[in-house]
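Note sheet for the following structure.
We just call them A, B, C and D in the order they show up, numbering each chain from 1.
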Amino acid sequence: SLSISSSVMAKSKFEYVRNFEADDTCLRNCYIVVRLDGRNFHKFAEQHKFIKPNDNRALGLLTRSAVSVMEELEDIVIAYGQSDEFSFVFKRTTNWFKRRASKLMTHVASQFSSSYVFYWKEFFGDQPLLYPPGFDGRVVLYPTNRNLRDYLSWRQADCHINNLYNTVFWTLVQRGGLTTAQAEERLKVKDSNTHRSKHDETVTKRMKLPNEEEKDVNVTRSRKRVQAYHCDIIGEQFWEEHPGILEDDS
Amino acid sequence: SLSISSSVMAKSKFEYVRNFEADDTCLRNCYIVVRLDGRNFHKFAEQHKFIKPNDNRALGLLTRSAVSVMEELEDIVIAYGQSDEFSFVFKRTTNWFKRRASKLMTHVASQFSSSYVFYWKEFFGDQPLLYPPGFDGRVVLYPTNRNLRDYLSWRQADCHINNLYNTVFWTLVQRGGLTTAQAEERLKVKDSNTHRSKHDETVTKRMKLPNEEEKDVNVTRSRKRVQAYHCDIIGEQFWEEHPGILEDDS
Amino acid sequence: SLSISSSVMAKSKFEYVRNFEADDTCLRNCYIVVRLDGRNFHKFAEQHKFIKPNDNRALGLLTRSAVSVMEELEDIVIAYGQSDEFSFVFKRTTNWFKRRASKLMTHVASQFSSSYVFYWKEFFGDQPLLYPPGFDGRVVLYPTNRNLRDYLSWRQADCHINNLYNTVFWTLVQRGGLTTAQAEERLKVKDSNTHRSKHDETVTKRMKLPNEEEKDVNVTRSRKRVQAYHCDIIGEQFWEEHPGILEDDS
Amino acid sequence: SLSISSSVMAKSKFEYVRNFEADDTCLRNCYIVVRLDGRNFHKFAEQHKFIKPNDNRALGLLTRSAVSVMEELEDIVIAYGQSDEFSFVFKRTTNWFKRRASKLMTHVASQFSSSYVFYWKEFFGDQPLLYPPGFDGRVVLYPTNRNLRDYLSWRQADCHINNLYNTVFWTLVQRGGLTTAQAEERLKVKDSNTHRSKHDETVTKRMKLPNEEEKDVNVTRSRKRVQAYHCDIIGEQFWEEHPGILEDDS
């Protein structure tokens, strides 16, 4: 039962705590990339019986959530996703949230996560979502077009590697009759004197991915419409066909 | 149709882009506060017909989402919420995500948002959620117990003011027969030679909030259980009854 | 009278305080600019009887100190100075001090300041330096060649304005017989309904700077030699003649 | 020969580059420590024939430079130095330079460096300073009194170790007739299966430092006067005798 005037006085006494907020404005004229990663999605995929190696429902839901983010945040010019991660690229000159890193990444993480639950039924039908999933995010700045393209190429090259590995792995399990432990062992290089395990290239070198396999996605705008593609973004062709994404470097 | 070895080579060529990530580790021995704010919740509340001035279903869902965050992130020692905002306090010595600000705030924003959609039905029953809501967040550090308590007191004093104002406003509308525009006008001080509008204290000074009104909430842990309270956190009593929240200042 | 072993133990107990240091690595692939500004140099110039409007001894000493910095820090590709300020540009790809902002700016500030005292006699002869002067500094990042050139142009345009103003001001005082207060008044625009005072353009518009006047300086490297110039850096010519300063933007 | 009006126009076109400056305000209510370290002082000490292990002229000059910094920056409450390093502690509540880290550390580095050259003659007489020395610096924040005291204790424990080691080392060289290489070898522990070399504790354990040896210094204020001390700052006594340095923690 406080009166307004005493509350206003109380509030003004405490208000100094606002000055503890730090300014995290992103450097101007750099591309702002927000990348999200699923929390414990290995377990999440198992519990929700994702099809191996690639579950089109899961990729569809991931893409739908990214589209939802892009509809909300109009200065995102391209987004790229695979597995349980998605990267969103804000244009160099964006002034959304005054370029405050914390606002940008939390809004993206929040909109993506609420959309993921909201659209679940559209992709998984009657199969229930068992619990609300979590994603974490980060912000990275890229000063030039080359740096940005190399970032996206890095993510897609990573996708190719994971995908090729997973395809072989699940082929060994599903058609070769190996246990998952045996398949993992089979794909390890014997001589492991390095910390990172290497894959058995004699197996994987001959593998080709079926062309029709959809395993990653990038989302762009075209005349204000948001669209999803499955295509190579490492080479020149995509960038020549989408001249509106990159801004002039100088 | 890339082979793994060429993909690995491609990836290593692009991998330098990792070095553009900045380190945003939070200063040690400070309380880490993550505050979330609803995006356009004024409109969201209208579209979903929230009861004015306080909708217990909405506060219940907000609280349920905060509990979900706290169950996931065990180093949060207290959370305080009202209206469309929620603050989460990590203990001083937390090493969750190595104290990386971006990870902490995006994970909180993500978990809160997915939970908000996930638990919607528990509080709103058959009333449909029309679209996935968004929240933005920020991180603020507080070096001392006094600073942290003043932060929480600031948020609760803000809640008192908003609540008192809203209660009067909606009483004028719902029982006094005023339009919302008239009520707004009525609560403005005539002489507005300052930039901020002042409230008509002759009206609000006499107002008392009904005691049973639940309008804010704080969530704490007790023997590992997460619990929600509606009580004063500005005075000493709450802190004496919950000695485990604050750590030694020295 | 402590033994080493007890000292080592004591030290290891306190060593946790190292973790409070923040990482302030500069974003990769950006030009790093360190700008120094003299502390209270208006007073310093008066006390040391600097000739008005431009004292060639002072500019010479400023330049000598900048050269000393550039000899020490080899990744500085150009430096520009005027009055009591100097800007130093590190190449985009520098890895000096692992690009740690604090190290870069303090080393520049330190080397410049010790040099200023060390070389004082070379420029001021028997006139004594009355006390050790201070400079403060800052770091600014520029992602593109255009941004960097605009920064340098901004500083030189600022120099032109100050210089033109000062030349008129001191002409009014030294040849026109006005007091400094009268000259200041004379150069103010009457109608001051803006916050910033404007200069009387009817006077200054007709002023031309004598061409031989040296009032600013830029220092570059050429075949590893550091050299000082007095020339325009806003137009294209300088940059065409020094192609080694800017790196490829892409 | 530019007119002011065209220069003002030119400048305003370039002025956008100011927005690239980042805000590096230090978190409120934390102690701000600026630590300086000499650049290549091992070589500097040799070239200027510093007496081993401790040169009182060098420590005197270091102290004089620190006093000069403290006279200029009145919110520094204590400074501690040894060898070629000096730490300056700003009071928790300082608002000097609006708590901007870059300004604070560069001003300290600059004032210290210009003072070092300016006061050289007072301590080294006719022995010439061969070149202007450089120092680099950093800023570290400490939220509590305990953290700050542990920082200072860490530096003094480090000083004890270095000093004890150096005293033994130079005793072996100056009185024991060993070369510096032999002395270094003698003080290494044989079994070096750790990365860090350990000292021969059988030698150093018995060593006691002569009490009159001045090897480090701390500088405080007392009734606005700046004073230098040689004493223990790890224990309680110093802090009880100087209650004005630490502010209330809460």
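We take it that a residue touches a chain if its C-beta (ideal position, glycine included) is under 8 Å from a C-beta of that chain, and two chains touch if they have at least 3 such contacts.
From a predicted model like this one, the values you see are computed outputs, not experimental measurements.
Visitor: Weigh B-C against C-D on C-beta contact pairs and write down the one with more.
Guide: The comparison resolves to C-D.
Visitor: Identify which chain pair among A-C, A-B or A-D reproduces the interface of B-D, meaning that over half of its contact pairs, matched by residue number, are the same.
Guide: Equivalent chain pair to B-D in A-C, A-B or A-D: A-C.
Visitor: Find the geometric centre of each of chain C and chain D from their Cα atoms only, then give the gap between the two centres in Å, rounded to an integer.
Guide: It comes to 26 Å between the two C-alpha centres.
Visitor: How many Å are there between the centre of chain B and the centre of chain C, using C-alpha atoms for each centre?
Guide: Spacing between the chain centres: roughly 46 Å.
Visitor: Would you pick out the residues of chain C that each touch at least 2 other chains?
Guide: Residues 20, 22, 27-29, 141, 147.
Visitor: Using the touch rule from the top, collect the residues of chain A that touch chain C in their complex.
Guide: Touching chain C from chain A are residues 27-30, 141, 143-147, 249-250.
Visitor: Considering only the defined contacts, which chain A positions touch chain B in the complex?
Guide: Of all residues in chain A, those touching chain B are 1-5, 7-8, 10-11, 14-18, 20-22, 24, 36, 39, 68, 72, 97, 101-103, 105-107, 109-119, 129, 131-142, 147, 150-151, 153-154, 157-158, 160-161, 164-165, 199, 201, 204-205, 207-209, 211, 234.
Visitor: Taking the complex as given, what residues does chain B use to touch chain C?
Guide: Chain B residues touching chain C: 19-20, 22-23, 25, 27-29.
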